[in-house]
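Sharing a structure, written as structure tokens. Questions coming.
So that you can tell them apart, the chains are marked A, B, C, D and E in the order they are listed, and the count of residues begins at 1 in each.
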Amino acid sequence: MSFFTKRYHPPGTGPGTLRLPDKPNPTPPRITLIDYSDTELQEIEEVTPEACRAALERPTTTWIHVQGDPDPDTLTRLGVLFDIHELALEDIANSGQRPKTELYDDQLFIILSHPLLEDDYADTEQVSLFLGKQVIFSFHGGSHDPFEPIRKRLRKHSGRLRSKGPDYLLYALADLVIDQSFPVLEQFGAELEDLEEKLLAAPSRETLRRLHELKRDALLLRRMLWPQREVLNNLMRNEEYPIEADIRLYFRDCYDHTIQIMDLLETYRDMTTGLLDLYLSSVSNRLNETMRVLTVIATIFIPLTFIAGVYGMNFGNKTDSPWAMPELNWYYGYPLVWGVMIAVGVGLLYLFKRKDWF
Amino acid sequence: MSFFTKRYHPPGTGPGTLRLPDKPNPTPPRITLIDYSDTELQEIEEVTPEACRAALERPTTTWIHVQGDPDPDTLTRLGVLFDIHELALEDIANSGQRPKTELYDDQLFIILSHPLLEDDYADTEQVSLFLGKQVIFSFHGGSHDPFEPIRKRLRKHSGRLRSKGPDYLLYALADLVIDQSFPVLEQFGAELEDLEEKLLAAPSRETLRRLHELKRDALLLRRMLWPQREVLNNLMRNEEYPIEADIRLYFRDCYDHTIQIMDLLETYRDMTTGLLDLYLSSVSNRLNETMRVLTVIATIFIPLTFIAGVYGMNFGNKTDSPWAMPELNWYYGYPLVWGVMIAVGVGLLYLFKRKDWF
Amino acid sequence: MSFFTKRYHPPGTGPGTLRLPDKPNPTPPRITLIDYSDTELQEIEEVTPEACRAALERPTTTWIHVQGDPDPDTLTRLGVLFDIHELALEDIANSGQRPKTELYDDQLFIILSHPLLEDDYADTEQVSLFLGKQVIFSFHGGSHDPFEPIRKRLRKHSGRLRSKGPDYLLYALADLVIDQSFPVLEQFGAELEDLEEKLLAAPSRETLRRLHELKRDALLLRRMLWPQREVLNNLMRNEEYPIEADIRLYFRDCYDHTIQIMDLLETYRDMTTGLLDLYLSSVSNRLNETMRVLTVIATIFIPLTFIAGVYGMNFGNKTDSPWAMPELNWYYGYPLVWGVMIAVGVGLLYLFKRKDWF
Amino acid sequence: MSFFTKRYHPPGTGPGTLRLPDKPNPTPPRITLIDYSDTELQEIEEVTPEACRAALERPTTTWIHVQGDPDPDTLTRLGVLFDIHELALEDIANSGQRPKTELYDDQLFIILSHPLLEDDYADTEQVSLFLGKQVIFSFHGGSHDPFEPIRKRLRKHSGRLRSKGPDYLLYALADLVIDQSFPVLEQFGAELEDLEEKLLAAPSRETLRRLHELKRDALLLRRMLWPQREVLNNLMRNEEYPIEADIRLYFRDCYDHTIQIMDLLETYRDMTTGLLDLYLSSVSNRLNETMRVLTVIATIFIPLTFIAGVYGMNFGNKTDSPWAMPELNWYYGYPLVWGVMIAVGVGLLYLFKRKDWF
Amino acid sequence: MSFFTKRYHPPGTGPGTLRLPDKPNPTPPRITLIDYSDTELQEIEEVTPEACRAALERPTTTWIHVQGDPDPDTLTRLGVLFDIHELALEDIANSGQRPKTELYDDQLFIILSHPLLEDDYADTEQVSLFLGKQVIFSFHGGSHDPFEPIRKRLRKHSGRLRSKGPDYLLYALADLVIDQSFPVLEQFGAELEDLEEKLLAAPSRETLRRLHELKRDALLLRRMLWPQREVLNNLMRNEEYPIEADIRLYFRDCYDHTIQIMDLLETYRDMTTGLLDLYLSSVSNRLNETMRVLTVIATIFIPLTFIAGVYGMNFGNKTDSPWAMPELNWYYGYPLVWGVMIAVGVGLLYLFKRKDWF
């Protein structure tokens, strides 16, 4: 995930300006229309905005899903046909928006963040939802359509999805996007547990890198997921929104999930901080142990080497002065020096042992 | 305690779906029914959901306790018989929920976290409570039934438990779950005091590991216990809940306990942070002390060894040049060298002493 | 101060249970009764609960003070005689409660934390106050009665204490307990200033220990004193409490004191954190200085010792090869070696000086 | 960006005092007047305050832009002519104000912070806006006029800028100033990503310096941009402000941008903190690795050098005592010593390998 | 600035007790009276409380300023003459109070903190203000009278000070006290910028000390200035206070200043923390560099010294065994050893270079 993911127009551009992104559009938009009631279901793929307009005439619930990056032309046509506010169109085009809800006349506009499991980092994609009378629009930027499970439930007529109105479908879509955080967070938790074990055993440069990446990902995920609390709170409580009372109960359940997701992310963030502290403490600790080994060895042998150096001096060679290293002439001189050296070494070892150094 | 403990369905699953957990159910559910009034008490163990239904006919208070992981079949039967909302059933099945209260029509649904004392870490188990008219359901996931003390009080007719309605029983159950935190926190506090003493004496790798685990456990406990404040606040204040005014006073006492528990957890968290700082400071300090020992020893002996090395050179052996190590020929050469070496060593020791190094 | 100081009953115990503490009661309760009006004052020591009851008949203000750990029997008798709620009695018995106010019918129940100056750490004791009609109860757990100054003011008839009702006496008692924090915090501040000076001069292991203890004490004091803000806020504002409007102004003054106490505690906490950072930085700094001394000495003498070692080799002894250490035969060989060694040493010293190492 | 950027008068100066800044005014003010309606547009550059007054007579929307540091004289004349409150004039003159809104009678006064992209740091300039009846004043302190894009849109008659009143122009100006943060933050994010890569590869003193500067800039930007949330919130919600309902929707969009900007700045701040932790950990890690190399080398060679030193002693030279270094006379003495030294070296290497030190 | 600056009476002292401070009063109080209206101004220095009373009879605005530590006697006389509440008198006497506002009947009592620029640290002095009908009292504890600029403005009849009532004078006094923070904070900012430069160049023990002092001063200033937000908020909004609507606008400007001061202090606090992190990182970095120098030098010369030591052994002296150091007899033995030593040295240097160590 890049640190800055929001698309924006140069400051001073008029609101509602739709513009092609700089790089060529990787995934051309595909519009899928599903029209359903309790008794019937019609599914048309690769439909034009104009064909969608016709579906609105019937008293069924219509779900229009636009997969891929919508080009300015498609967006403008949808905007004109379904009377969508220019600011909403701009928000759909400029992906990387903060999750939010907005009520334009009778149309409820919702932006959500869809978290993604990638190889070794987390990313989010923007999902934009529109709730009008008998109609729901959904926009998803990536190449993979996340809403297939909902379509399966619609086709199978399982649960109460078919018998309820578009607000229940909105709940189903939002719930899917929100719950997508759970597998991401589960993997996060597993990685953290794995890292904790490694840190307590033997911290390495690689664990530090992975830990830093997890912390950064938690931060970026939090930025994109946090505002969903507010979104769900609005959907649950705002009396102006065109959502029926018994459906609000379901949004309340969904709201509880966003809170639990935030709890988890906060806890993970605190945990990565805790693990970083553990890393630092472990490295300090190991440094201390390293230095003790060096200190013990050096402190014992440096005086001994000095003693050996003393008797390597050549004072006894050239003069016969009785002061010239008489130790060299002693009968037991050599074993005596060994004795002194062993005594010094053992004494120092004993001292270190008593100071509890190894 | 694992970092991620919530059970969840794959995103996109319909609400109210009940599904067997992946691993075989370790503890099959056992339903216990207690039916009591001020004058009589009937206790039936291992009862079927259908038999429980019959108890509702009588004007007594009925307490139905489901111990163990409820299988989808039992839950569905209970749901149909007692008209329980599908979202509540899903929350009971998918344990690891955040504590919360929810009012479905006349039924008050409560999820609490029951902390557990394990060998060397803290864990929580989900307790789900239902308050209906004249009936209370309680669900507890583990193998150990925590509510035995309440049953004893019911049987002994002690206090006002028998003479009050199901809302007082709800209080008794919630109070027990909440107060379970006190022994856990008491042990926490004792361990922290123990660790503090060890850290001030001699920090080791083991203290670091234990400290980290305590910090992590405080974090995980906090995540599961924090929302209980909100739960108790609701029970104490929400006028819509079917709880009588004089019972609310008891919930207020219980709310004070949740606040005190949070105070303690916060304080413990701050304390583990403080102890970690202390650990780091102690390790730094000891490293500094280690390095001083090495520096003092090395700095004193390295110049001395150099001097000894100088007079170990063989310049005096092969030539008779008066410049060839004349010191070796001096009458007092050897004692003089000792004098110089002792002077250097004592001088350096004095310097270190004056700089307050040991 | 212990980390966990709350007394509690085993979870599942009925509310209002009074039980003897495990260790024998160190201070048996002594009841003192003062009965006063503007014109008269009667003081009886070591009175029974039943005798106190009689005092309520008169239109004077009655102050009943229970000093020491009240035994269950005394508490139960007081509870029955004065119609005290069982939850309040339990809170008095289970000391270590969080400060709070509670209104039971007409009785206002208040718990406060009375900070104590001990040798080298801070502690708190629970003070429980009851405000009824014409009567005030006060309970204090320790062996030392803190309210003697109030009794003196009552006896001397100084200020307006005698001419006002029990709510003003309540203010006088609460004010005394709250203000007890000032001398404790003053000593805290003095110790912090002392520690700061020591840290800037020469940080030692002892300063670290004292610093950690101060930080921990600030944390524990904060936990026990923080809720008093809420208590005083209630006494100042809650219209249901039986306190007259002109007395509320005095509680407002007292509230300002609790806020100032919290400000001080927060500042002290930030300061201990700042001092700990200072400690760590100082230790790092000193380690760096230690290492530089070692590095300078070792880096200068290690090459010199190597040179001396080279000319201590015995290549010149056994062969007459012109390649066998011809330097040993040079007329100025020895002074030349000294020259090289002095040049190397001075050169390295110059390098270190230029890099600003000492 | 300097740490303290607010201009202020000496304390005690009367409100509304306008005074020349100490250093000579670098950019003399240039007043540009644009007078427009849906059908016509008149643009006059370098106009006097008095000439501006005349434009107010017409029913068109008038936009008066003052570029550069306004001198006291110009400000006073504008104040008198357009009846501007003395406190507002003082706020325009004393740049470095906190963003805010203020309603003086019918005039809405707004201060915003215009972020700037400089070489390697971020800065802000004060933009002051006035919304009166049919008139908008804008003041911008620097030499570069940021509002040229708006003027272009006015001239091109693109969007609805010309057909709407001064409140929509206010939105366009504010939107431009707010959105100016996006390119600044995009560059910030790119630098952070760049620094992160460098830190994971090889942390240097230069990365530390750059990191510190980014952190400080994030802090300073945050201080100047944070209050804009409150400003936009007021513009969006305050019913007293002379802004029409459909324009408020646009301010709501602008408010969302300020929130997203704050989210980004907060995330960046957390990220710089995370990167600093990474830096410290990396340096600790490298120090540890450095010390291990030293320890391994020193610990292996110090004992070997001692052994070599022992047999460099001259005990065997001067006496024939059988105790005087008999090893020197052994036939295989020399290879044996090599054998011992190789055994010691390999043994120590094996030990370090087993302890996983390199 | 001392850590604990509040004066207080022993706990249990009655409210309103006025007592001489322990140390003799350093600055006896001097009362200055200014009596003014739009047309006349009378100024009397060193007036008695009783003489002040007379001024109240006239319909002019009266400003009574008490400079220095007021003795109990003066305070009591003022209290009786002007009917000042005993709690207010106590707050004036016990300086070091938290800034606050209090309404006693018709009298508005305000405590503010007046920051001071001292040599190298910041301090605050208590300013107490009273707003009555046609009268303002001001008390300032130090020896220096800060209100001279206001008096000058009164005498010069500049601005609207003379034509407005006592509430505008209150604004002028409060504004002066609040704005006094700007020069203090400006110097703070300059010192921080200076310290930052020094830290990036060469951190020393002295920079650490100064940094710590700045951090502590920011903390102490914040404690004394923070509550002024609340004070100004009250003055701006509280409808009960005797302040006219058009004056409230000026207090709003003053409130904006307190917020900006808090913003600055918060930013400075974050900056000192950032600088401390920078200090720690720099020290770590330098330690690392020091250690690398030592490691490179030691690691290169230790093996070389060992080689030299080997050939300093005396095995070749006493036996003619062909195994006894035959290298010494080689024709090119000595240059070969030099070759080996140079190869080892260059090889290690190459290794360190490749690992990017210097």
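We adopt the following convention: contacts are C-beta pairs under 8 Å (C-beta built on N, C-alpha and C of every residue); 3 or more make two chains touch, one makes a residue touch a chain.
Keep in mind that what you see is a predicted model, and the values were worked out from it rather than measured.
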Checklist entry - Fewest touch steps from subunit A to subunit C? => result 2
Next on the checklist: If I list every residue number at the interface of subunit B and subunit C, are over half of them used by both copies, so same, or under half, so different?
Outcome noted: different
Checklist outcome for this item: Distance between the CA centroids of subunit A and subunit D (whole Å) is 24
Checklist entry - Per the centroid of Cα atoms for each chain, what is the distance between subunit A and subunit E, given in Å? => result 40
Item to check | Multi-chain contact residues (two or more partners), subunit E | outcome: 280, 284, 287, 291, 294, 298, 302, 305, 309, 312-314, 316-317, 325
Checklist entry - Viewed as a graph of touching chains, is the assembly arranged as a line, ring, star, complete set, or other? => result ring
Checklist outcome for this item: Read round the cycle from subunit B toward subunit C, the chains appear as B, C, E, D, A
Next on the checklist: Per the contact definition, I'd like the list of subunit C residues that touch subunit B in the complex.
Outcome noted: 2-4, 6, 8-16, 85, 87, 97-98, 100, 102, 104, 202, 205, 208-209, 212, 215-216, 219-220, 223, 226-227, 276, 279-280, 283-284, 286-287, 290-291, 293-294, 297-298, 301-302, 304-305, 308-309, 311-314, 316-317, 325, 328-335, 337
Item to check | subunit B residues within the subunit C interface of the complex | outcome: 147-150, 153, 158-159, 161, 172, 175-177, 179-180, 182-183, 185-186, 188-190, 192-193, 196, 200, 249-250, 252-253, 256, 259-260, 263-264, 266-268, 270-271, 274, 277-278, 280-282, 284-285, 287-288, 291-292, 294-295, 298-299, 302-303, 305-306, 309-310, 312-319, 321, 323-325, 356-357
